[in-house]
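Notes follow once the structure below has been shown.
Chains: A, B, C and D, in written order; residue numbering restarts at 1 for each.
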Amino acid sequence: MDALGRKNRRLVLQLVLGGILMFGFGFALVPLYDVFCRITGLNGKITNTGPIAAEEADTSRDIRVQFIGINNEAMPWEFRPTLNTVSVNPGEMRQMAYFARNPTSARMVAQAIPSVTPAEAAQYLHKVSCFCFDQQALDADEDMEMPLLFVIDKKLPADIHTITLSYTLFDITPRLSTGQIIKDDTQRSTL
Amino acid sequence: MIKRVWLLPWIGLFLSLPAKAAWEVNITPGATAISREVYDLHMIIFWICVAIGVVVFGVMFWSIFHHRKSRGAEARNFHENTAVEILWTLIPFVILIAMAIPATATLIKMYDNTDSDIDIQVTGYQWKWRYQYLGQDIDFFSSLSTPREQINNEAAKGENYLLEVDNPLVLPVGQKVRFLFTAADVIHSWWVPDLAVKKDAIPGFINESWAIPEEPGIYRGQCTELCGRDHGFMPIVVEVKSQADFDLWLADTRNAAQAQAAAASEEWTLEQLMERGEQVYNTSCAACHQATGQGIPGAFPALVGSPMVTTDIDAHINIVLHGKAGTAMQAFGAQLNAVDLAAVITYERNAWGNDTGDSVSPQRITELQQ
Amino acid sequence: MDTTLSVDSTEHGHGPAKGLGRWFFTTNHKDIGTLYLWFSLLMFLTGGCMALMIRAELFQPGLQLVQPEFFNQMTTMHGLIMVFGAVMPAFVGLANWMIPIMVGAPDMALPRMNNWSFWILPFAFSLMLSTLFMEGGGPNFGWTFYAPLSTTYAPPSVTFFIFAVHMMGFSSIMGAINIIATILNMRAPGMTMMKLPLFVWTWLITAFLLIAVMPVLAGVVTMMLMDIHFGTSFFNAAGGGDPVLFQHVFWFFGHPEVYIMILPAFGIVSEIIPTFARKKLFGYASMVYATSSIALLSFLVWAHHMFTVGLPLAGELFFMYATMLIAVPTGVKVFNWVATMFHGSMTFETPMLFALAFVVLFTIGGFSGLMLAIAPADFQYHDTYFVVAHFHYVLVPGAIFSIMAGAYYWLPKWTGHMLNERLGKAHFWLSFIGVNVTFFPMHFLGLAGMPRRIPDYALQFADFNAVASVGAFIFGLSQLLFVYNIISCIRGGERATDQVWEGSHGLEWTLPSPAPYHTFTQPPVIK
Amino acid sequence: MSDPKKNGLFKAALSALAAMFGVQSERNRQEDFSSGSPLRYLLTGVLMVALFVVGVILLVRLALMLAGG
């Protein structure tokens, strides 16, 4: 292995290592993206703070909070907010609920995904407890009101007067049962 | 003079092109202050590019003509002059900065959060739009109303071919309308050039935009993000009406919704269901199952003589109401009212030789949906 | 195919093997370059036929020839085959042929890997093309394959599409490693980095870009694979994923990719214009520095492809400013070519014609790119035919014309015969007219409001679509002239001198024409 | 003569700036290529690009502040 061969070998190893690192970087973009979203509130990702110390409300400002319920394509549940809009003061803890009903004849499990607009407001909307934190299961013909407790941070930028909080309901029943191989169609929920 | 002769055929060609044909070449100034501002931005940057182009290509073509070997040009020996290079880099920088200022101003105006008079949730479905007027419980689907025959060239194309819908989105003039975009399946994009609004509708997320239409009229747009088979067949029609007409329309739509709810409790004969069913079938089902009910082999099942449609009624209702996960068959229960569902199921059970003679009543549908 | 068979008497080495074995087992950079170029031409014609299918359907309003889902497959495959099958392999082919003889190296640094990185491509593309015949059809989600259309709603053949993209990525990375090793380690003594021809410099930067971004593309398709089959939800909102994340990772690869497709073109044009202007390249140092800064700056601007996805205001402003700022150093390189021509003494053989058309038409594409950088205006342009016109102007008269210019410029050196000049000019003028008649009306269609990737359109777009379709067939069919000209040049024609062109400069022209099978076995003396 | 290490870094930074601006003289280029390992230029280049990113972010903040954001 003459000098040129060794030089080539070293360079090629460095380049291959660089390629592998960039492959890893491609996957590292996923957590990096999450952190980036938390900071800038891109795409309405919301911080789930958990219990927050109750501070007195700043009554000088009224923020209009709109609620929206969306069914993802194959989701047959009835799903809507009990109230369309609510006027809230920043710093005030507020309770709200979404109504959900499973009209089908089989047990189903759903996952709600939140999103906020305008994106700049996402980091100032703290959800103390929310039905989107965990999966919601409903038996046939069962319905329930799913609670949501939220606070709007007082540091909300002055120019934001309306915040729209939307929940998209996804059916994750087939995903859960992918564990057991489904032999024929009828075993699946009569969806 | 002889050298110019070969230009004549080209000029002739361009002059002869039919004048009446629609030769639209530019974006529309549109019907809102923002869309006019975008139009001005577009024209400024366009003319800047034309100016730079004329200068650069001018020098180039001049040099191509004058410094040709066949004209005895001798190549000079300069190949570096950083002063000139710095100059021709600084000038575009300055022009771009000049462009960035108005562009930033317009962009900041576009992200204005002031309160809106009317909020509309726009949800993209695979191949139709759904409009919900928040707080006024008006909720309807808007799908392409161009007949299939026109698309398959069996009939002459109408004036608004592929840009016409059955239920347009109606807005009041002069009011700030705030759009909330989301999607139920794949990414779509809602674009109306006259309002200069284009925002992606992403499943699981909500985006917002706004517009204040200043003149009543009909503004058309299309979905601009590839969303599958009929991406080119889900147009957008926005009808801006005066405040009075808009209030009238609001009242009519609410009454129509109640009337439909009431109609669900009346008795419908087989003929009435069949006639209504055919209409609903051609709007919502013919796209996949074809008007003849033959479907597309390997892609969409045929309905003619299929057991699903001729035997067990409940299974038939169930698949129309809840769709079939993992296939393109959507849950139409959320998209059509009880009367339309009953009508289309009855039509499918009795059309194209399937005459099972069953007729499904709207009451049966509402009962199943309870 | 005995392009380089002539065994030079002073050459003691053995000539190429006989028969097919020569092409399967070759480790010779000239043969592998030829394989890449033939493969690229084949893919260019395949992708071109798909483009003609698209334009034939769009000739008139109404669905005449194809159903929408097949139309979507055609647009997707046209994009993928042209980007990964025609443009990139052509540049790698030109690099394989020219870099060793430009830097005075006997062959590429890793000849066996060079063979393997070519022979992956035919298998990758037959896998990709076979998806068209699979149940549920081929990929129909656009060459940018956005989720969830490409994951949850994709046809079952999407998995083969993913593996095909993996294979293309491996081939490009290995090619890039080979080129970097050759340029950095195998230069003849005296051929310092300062004397490298610009084609070698641009390819060095392109190779680093390839190694940086092709793994990210492999990463994104692997994430898709895991989403589709292994129940993860990178891009599936139901499981906490985010379809916009896909767009960010894809375009993080996507924008450097478009520089990968244009920097070698800068290199080729910077070789050709000085030759036919008989004048040294103006501002060689500026060109080297500007292209090297692109290697890093091109990573900062990816989200100008996503202005309408709902970025926050600060994000839109950042990407608008960054895009405008880095557009200038690359845009002004056009002035360097004009300055090279200025006060030169020019002749206009076919390579020069293609290079001049590149300069003019690529600049038009650059201007429409500048207009697209203005975020508020982009709300009207995004995903319309204005964008289609923009990237076709920078890719067809940009990358493709520079590849053709390179072929016309170097074929006499490869085959020892001159190309038929009359045929070359006919091919040029037909292509020039075809490209402009096809793509210039698309600017108007996009501005008038016609979205991208639609199989049928409203009546107000009918006339310009008809003109574009006619132009497409002119451009498409004129490529047969190119194929005929190449084959006739290989088989015979007027003998080419060693110098070939009067103004040619550089180490490759010191070799005899046709270049012997093994060159520079003893490193040349570089004054 | 000042210590070559220090002015080396400064010269590399200057060259990186010239590269981003897109204009460089032949004389500087020969100087750059004849001195030091390319690694120093590479790292300075990456550093300058990072500064460029921070610069544009500040520019955005300034634009938002000016517009009363």
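To be clear about the criterion, contacts are C-beta pairs under 8 Å (C-beta built on N, C-alpha and C of every residue); 3 or more make two chains touch, one makes a residue touch a chain.
If you're wondering where the values come from, they're calculated on a predicted model, not measured in any experiment.
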{"item": "Comparison of A-B and B-C by number of C-beta pairs in contact, larger one", "value": "B-C"}
{"item": "Chain A and chain B, separation of their C-alpha mean positions in angstrom", "value": "28"}
{"item": "Chain C and chain D: spacing of chain centres that average the CA atoms, whole Å", "value": "30"}
{"item": "Inter-chain centre distance, chain B versus chain D - centres from mean C-alpha coordinates, in Å", "value": "46"}
{"item": "Contacts with two or more other chains, residues of chain C listed in rising order", "value": "237-238, 242, 244, 283-286, 310, 313-314, 317, 321, 325, 328-329, 332"}
{"item": "Sequence positions of chain A contacting 2 or more other chains", "value": "43, 72, 113, 117, 159, 168, 170-171"}
{"item": "Per-residue overlap in chain B, given as positions that touch at least 2 other chains", "value": "80, 82, 85, 89, 104, 108, 111, 126, 185, 202-205, 207"}
{"item": "Touch relationships between chains, expressed as pairs", "value": "A-B, A-C, B-C, B-D, C-D"}
{"item": "Residues of chain B that touch chain A when the two form their complex", "value": "111, 113-116, 119, 121, 123, 125-126, 134-135, 178, 180, 182, 184-185, 202-208, 318, 321-326, 330-331, 333-334, 369-370"}
{"item": "Chain C-touching residues of chain A, taken from the complex the two chains share", "value": "4, 7-8, 11-12, 15-16, 18-20, 22-23, 25-27, 29-30, 33, 37, 40-43, 72, 111, 113, 117, 119-120, 168, 170-172, 175, 178"}
{"item": "In the complex with chain D, residue positions of chain C that touch it", "value": "192-194, 283-286, 288-290, 292-293, 296-297, 300, 313-314, 317-318, 321-322, 325, 328-330, 332-333"}
{"item": "List of chain D residues in touch with chain C within their complex", "value": "15-16, 18-26, 28-30, 33-34, 45-46, 49, 52-53, 56-57, 59-61, 63-64, 69"}
{"item": "Chain B contact footprint on chain D (complex, rising order)", "value": "21-26, 63-64, 67, 69"}
